[in-house]
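Read through the structures below before going on.
First chain A sits with chain B, and in the next complex the same chain sits with chain C.
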Partner chain A sequence: MSDTAAILTQDRQKLEMSALSAPAVVFTVAMIAFPVVYTIWLGFQTFSSTGKQSFAGLANYSKLVSDYEFWHGLWVTIALFVLSLVLQLVFGVWLALVLFHAKRLPGIVRSLFISPFMMPPVVAGMMWLVILDPSLGAANYILQSFGLPPSDWLASPTWVIPTIALIDSWQWTPYVALIVLGGLQSLPPSVYEAAQIDGASAFKTFQRITLPLLLPTIVTAAILRSVDLLRFFDIIYITTQGGPGNASNTLNIYGFRVGFEFFNIGYASALMLTLTAIVFGAVLAFNRLRGAVAW
Partner chain B sequence: MKARMLAMHVALPVLAIAATSTQAHAADFDWMKFKGKTVTFLANNNPVSQALLTYKADFEKLTGMTLKVDGYQEQQMRQRLVTVMNANSDEVDVFMTLPSREGEQFAAAGWYGDLTAMAKNDVAKDYDPAGLSQALLKAATFGGKLTSMPMNLEGPIFYYRTDIFKKCGLEAPKTIKDVEAAAEKIKTCDSTVTPFVSRGLKPAIAYTFSNLLHNVGGSYIANGKSNLCSAKGREALDTYSRLLRDFGPPGVVNYSFQQISALYRSGRAAMAFESSNELRTVMEGGARLKDTGLLPFPAGDAGQVPTTIGWGMAVSSHSKQPDAAWYFVQWATSPEVQKKMALQGIAPPRPSVANDPEYRKWIDEEPVRKEWQAALDVLATKGSSEVGYPIVANPQSREFIGQAVQDLILKQKTIDQACADADKALDALIALN
Partner chain C sequence: MNDAANTDRWIRWLNTVQLVIAGVLIMAPTVWMVLSSFKPSFEVTAYPPTLVFSPTLANYAELTRTTPFLSYALNSLIVTVGSTALGLLFGIPAAFAVSWTRITWPAILTLAARMAPGTLFLLPWYVMFRQIGMIGSYTALILSHAVITLPIVIWVLLPSFDGIPRSIFEAAQVDGCSVTRILWRIALPLVASGVAVSAILAFVFSWNYFLFALVLSNGDTKTLIAAAFNFIGEGSTQWGALMAAATLIALPPLVLAALVQRWLVSGLTLGAVKG
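Right after this comes the complex of A and B.
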C-alpha cells in the first residue's frame, strides 16, 4: 500500500470513528450545555408573580447588588462553608490517622466509622431534626443529664449555623477521612524509617513529614467538599428552611425560594449563576493551592 | 376581607345554574366515556390525598381509566407544578391546589382549566355540585371562572387538655385573654408541660396568625396599604408572638404542624392551636382521646372569625384531556367518595355528608369527634379564607408576616420596627399586584 493510500485509510478510519462517536458527544454536550445556556438566558428575563416573562437585560444582576438578602445569603454561605470545611478537614485527618494506625480494628467498626456519608442527606436531616428538638429531642436530654443547660440548637439564630455545620461534618467527615486514608497508605515508608533513625518524635514526624506529604490529598478533599458545601441545600432545607428568621438562609436556599416559591425564575437564575461563579472561583483557587503544595 | 367571610349556604349564581341544569345532562352521563385513557394526578402527600387514594382502584373500575399518581410533599409538589406549567407541559392533568394560598397567582398565570362549564354540563346524576360548600367554591372562583372543586374543609382549631385545665382550676377559654390567662396559670400550676403551642416556622405562621388577626378585628390591607402597624395589627402581632415566646416550647420558631402534633400527642403541651386535619395524628395511640377538648380559636374584639380553607382539585390548563381529567375530579369530589373520606377523619366540604347518618354515628362514637365537628361547623359558617394578603404574591406575603412574628418571638426587633419593616416590604408587593 502506498503512503498516500495508508493516509487515506487512516483518515477514513478517523472519520468513521468520529461519525460513530458523534451522537454520544453531541448528546453529552447538549446535556451539559443546554441547562447552562438556558439558565444564562433565564437570568436576563424577568417573571412577574403570575409567570409573565419579559427581557430584563442586566436588571436581575443590578438588583442583586442592592439586595440585602443576597449579601446576607452570601455571608451565611461563606460562614457555613468555612466552619464546615475546617471541621471536616481537621477531624477527617484525625479519623484517617486513627483508622490508619488501628490496623486491628474490626471491619464492622471501620464500616461504622464511615457509614454516615452513605446515608441520604434528607434522612440525616430528619434524624438530626428529631435529635435536636429542644423539647422532645435526645440532645438536650443528654446535656441535662450531665447538668448542662439545654440549647435551642437549630431554633437559635446564634447557634443555627454551628449546628448545621456540625450535622454536615458528622455526615461528611468520614468521606474526607477515606480520601486522606488513601493518601496515608500511599506515603513512602522510607521517609518514616529515616525519621525514626534520626529519633524524631511522633508529633514531629506528623508535623514535618506526614502533614506536608498529605497536603495535596487534603487539598483534593477540600476541593471536593468545597463544591458540595457552597451548594449545600438538602439538610438546611429539611431542618430550618433558612430560619429562624433568615439566620441560615444560604444563597442556595434563597435562590430556591425565589424561584419555586415566589416564581421569579429570572432572578433565581441570576442568583444561581452568581453562586456557580463563586463555586468555580473556589475550585480554581484550591487548584492553584494544590499545584503549590504538590510534591 | 369581608367578601370572603362567607356563609356556608349562600347560593352563588354559577352553582344555581349548575344545580338546575344537572338534571338535563345527568341522563346522558357515562362514567365509561373515557375508558382506556390515563389521567395523571399531581398530589400533595397529605392526609386528604392519602384518604382519597385509598379508593383509587374504585375509580379505575368505575371509569376504565388508569390513574397515574405523582405524589410529593407539599412544597415539592408545587416545585414540580411550577416546572411543568412553565414548560407548558401536558404531563399533569389534575393537581391539588390551595386556592387561599396560590389561587390568585395560578389563576392570573392561566394555569387552571375553567371548570365552570364542566361542572354545569357534564355531571353524574348524584354529583350534586350545589351541595358543595358554597364558601369554598366562591374562594376557588377567580374572574368568574371556577378553578377547582373542594376536597375538604379545614382550618386551625384550639386543642386543650381538659385534665390539666381541671387540675389548674381553669374553664375552657372563651376569649383570647382567657387563653393568655390560662397559659400564665398553667405555667405555675404544671411546670412539666408547655402551656401553649402554635406555628412559629416562618412560612407556616400566616395560617394560624390570620385567625388571631381577624378575631381581634384586624385586617391585612386598608386603603390599599399593608395594615400590620394598625392598632389591631400590632395587637395581633404582640399577642401571637408573646403567647409563643412566653408560653411556647423552646425552639418554637421551627415549629409547624409536625412538631406541634408530636408535642401535644406526647402530652407535653396543654394548649395547641393547629389544623383540624391533625385530629387523626393527635389522637394516634389514643393517649389524648379522653383528655382533649376542641374549640374554634377563642374570640377577640371582633368575635370568632376562624380561618377556613380547603384543598381543591384543579384541571391543568395544559392538559390534553381536560374532559377525562374532569371525570376524575368529579369522582374525587362526589358525595359518595367524600363520605368515605369523612369516615377517615377528613372534614367533608359537603353539608349533606356532614349530616349523613353513618358519618354522624362515627362522630357520636367519641366526645372529641363531636367537639371537632362542632368546631368545623363554626369554621364552615363564620370562616374567612384570607390567609396572608389577598394578592397575587400571597405566598411571598406570608414570608413577611412570618418574619415580623419571628422577629418578635426572638426579640430581634421592637414591635414598631417589626411591623414597619413588614409593612414596607408588603406595600411593595401590593404595588406589584
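Right after this comes the complex of A and C.
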C-alpha cells in the first residue's frame, strides 16, 4: 500500500516536472524545431518573381553546387573563420598569461577588458567604420606617422577580410582571454613548483606544462568562437554588406541577401541548411579534438 | 640571490608593460568613439585627427533632432524587456526541472538556437509571420528575441540550481510541498543572484541582437540596432552624430555588464567553463 502511494507521488512528481519544462519545450518546438522543418520543406520549393510557389525537388541544391557565389561564399567564410580564430586564440592566450601574472585585477580593469565583447557588434562596426575611413580615419594617420603606407581597409577587396577579422578579434580576444584565464587559475600550482625545482626555464614550463594542460580550455574557447565565426553576420552587414563587390560575401550574408533582398526563399533555405550543417560539423570535429586533448 | 630578485622585478615590469599595451589596444577605439561624439562637427573629420578640442553636446542634439532616436530607443526597450521577461518565465521552471530530473534534452534543444545561423529561423518566420500579418509587430520581435534569451536563462541558472543541496528539497517534499511550491518558495530565493545575472545577460544579448529586427520590424517598431543603418546613411557626412548614436546604443549593455562582470564568463560560455 505504501508502495502504491510512493509510485503515485513519483508519478505526480514526474508530471509536475514535465509541466515545469513544458512552456520552454513548447516555445522551442514552435519557434525553432517546427520552423527548421519548414525550412527543409522550403528548400524543395521555388518562388517565381510573382511570389508563386511550386515544388522543385532538388533543384535548389543542384543550383547550389554549380553556383559560383556559393563556392566563393564558402571560401570567404572559411578564410574569415581561420584568420579570426587564429588571431583570437594566439592573442587570447597571450592576454590571459599577462592577466594571470598581474595577480590582483581590480573590478574596474576587468570591466574595461570585457567592454569590447559586451557592446553590440553593430556598434563595433560603426566605430571601426569611422576609424578605418580611407581618407580621414585615425588608423591611416597612425600608419603614416610611422612612415607606413595608408590602407583602404574595408574598401579594398584584398584587405577587407583581414580587416574584418581584425575588428572581430578586437571584440572577442578579451573573451577568449577570460576563458583561458579561468583555465589557468584552475591549474594545480604544484606542477609549476615541481618544474621550478627541476630548473625549467619560463618558456620551457609554458611549452611543456602550461600549454598541454590548458589545451582543453583552449579547444572549448575555439568551439564557442567557431559557432559565432562560421555564422559571421553583424559586423560585415553593417560595414560592407558583403562588399566591395562580393569580397566579404560570407555564406550567411549571401543567404540573407538571397532571401531578403532577392526574395528567393527556397534557394536561401537550401543555403542556410548547408551552412548549418557546416557549423554542426565543425562543432562535432572540435568536440572530438577536445576528447583527444583531455587530461 | 640578488640576481634572482632583479630578474623577478624585471619580469614583473615586462608584464606590466604588456598589460598597458593590451589595455590601450582594447580601450583606444572605444575612447575614440566617445571623444568623437563630443567633438564640434568641423573637428570630427579634421585631418590629422585632433585630440584636444572644446567638447560639445551638439552631436547629441543633432541626433535627436534629425532622427527618431528616442522612439527607436523605446522600441529597443520594449523588445528587450519583453523578451527577457519571456525568457525568465519559461527558463526558470525549465532550468529547475532539468536540474532536478537530470533529463537534459530540453536544455540542449534550446541551445540549438545558439548554434544555428539566425537566418535559418528567420526565413520560415518571415513566411509565417507575413501570412498572419505579424511582420512589424512587437509580438513577433519579442518572440524572436526570446529565442536568444531562453538558452541564456536556462544555462546560467542550471549550475545555480545544481548547487542547492538536495536534502532541502527532500525535506520540503516530506512536509508535503508540491514541486511548483518548492521552486517558487524555496529554490528561487536561493538562486536570486543567479536569476539577476541571467536576466542581465539576457537583456544585454537581446539588446545587442541585430538580425531578426532587420527583417521583422517596420518603421514604427524598428529597434536601435536595426536602425543603425539610418544613422550610417546620415553619418556619411555627420560622423559626430554617428558616434553619438553608437555611444548611446552601447551604453546600456556596457553599464549592465560592468555590474555583473565577476559572474560574466561562466554565464557567457553557457556552462562550458567555470570562470
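Definition applied: the second predicted complex is superposed on the first by the 261 of 295 C-alpha atoms of A that agree within 3 Å, B and C clash if a C-alpha of one lies under 4 Å from a C-alpha of the other, contacts with A are read in each partner's own complex, and residues count from 1 in each chain.
The rule is simple: a residue touches a chain if its C-beta (ideal position, glycine included) is under 8 Å from a C-beta of that chain, and two chains touch if they have at least 3 such contacts.
This structure is a prediction, so every number in the text was calculated from the model and none was measured.
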Clash or fit (per the criteria above) of chain B with chain C on chain A: clash
Partner chain(s) touched by A:Leu136 [first = chain B, second = chain C, both, neither]: both
Partner chain in contact with A:Ile265 - chain B first, chain C second, else both or neither: both
Which of chain B and chain C A:Ser48 touches, first, second, both or neither: first
Partner chain in contact with A:Gly243 - chain B first, chain C second, else both or neither: first
Which superposed partner A:Gln88 touches (first chain B, second chain C, both, neither): neither
Greater residue coverage of chain A in the superposed arrangement, chain B or chain C: C
Touched partner set for A:Trp153, first chain B, second chain C, both or neither: first
Which of chain B and chain C A:Thr163 touches, first, second, both or neither: neither
Superposed model, chain C segment overlapping chain B, candidates 109-117, 127-135 or 253-261: 127-135
Chain A positions touched by chain B in one structure and by chain C in the second: 135-136, 259-260, 265
Sites on chain A touched by chain B in the complex: 48-52, 133-136, 150, 152-157, 239-246, 257, 259-263, 265
Chain A-touching residues of chain B, taken from the complex the two chains share: 75, 78-79, 82, 85-86, 105, 108-111, 194, 201-203, 249-254, 259, 262-263, 266, 268, 392-393, 395-396, 399, 403, 406-407, 410, 412, 432
Residues of chain A that touch chain C when the two form their complex: 13-14, 16-21, 23-25, 27-29, 31-36, 38-39, 42, 94-95, 98-99, 101-102, 107, 109-116, 118-124, 126-131, 135-136, 138, 141, 170, 174-175, 178-179, 181-183, 186, 202, 217, 220-221, 223-224, 227, 230-231, 233-234, 237-238, 252, 255-256, 259-260, 265, 268-269, 272-273, 275-276, 279-280, 283
In the complex with chain A, residue positions of chain C that touch it: 11-12, 15-16, 18-19, 22-23, 25-27, 29-30, 32-33, 36, 45, 47-49, 89-91, 93-94, 96-98, 100-101, 103, 106, 109-110, 112-128, 143-144, 146-147, 150, 154, 178-180, 183, 204, 207-208, 210-211, 214-215, 225, 228-229, 231-232, 235, 239, 242-243, 245-246, 249-250, 253-254, 257-258, 261-262, 264-266, 268-269, 272-275
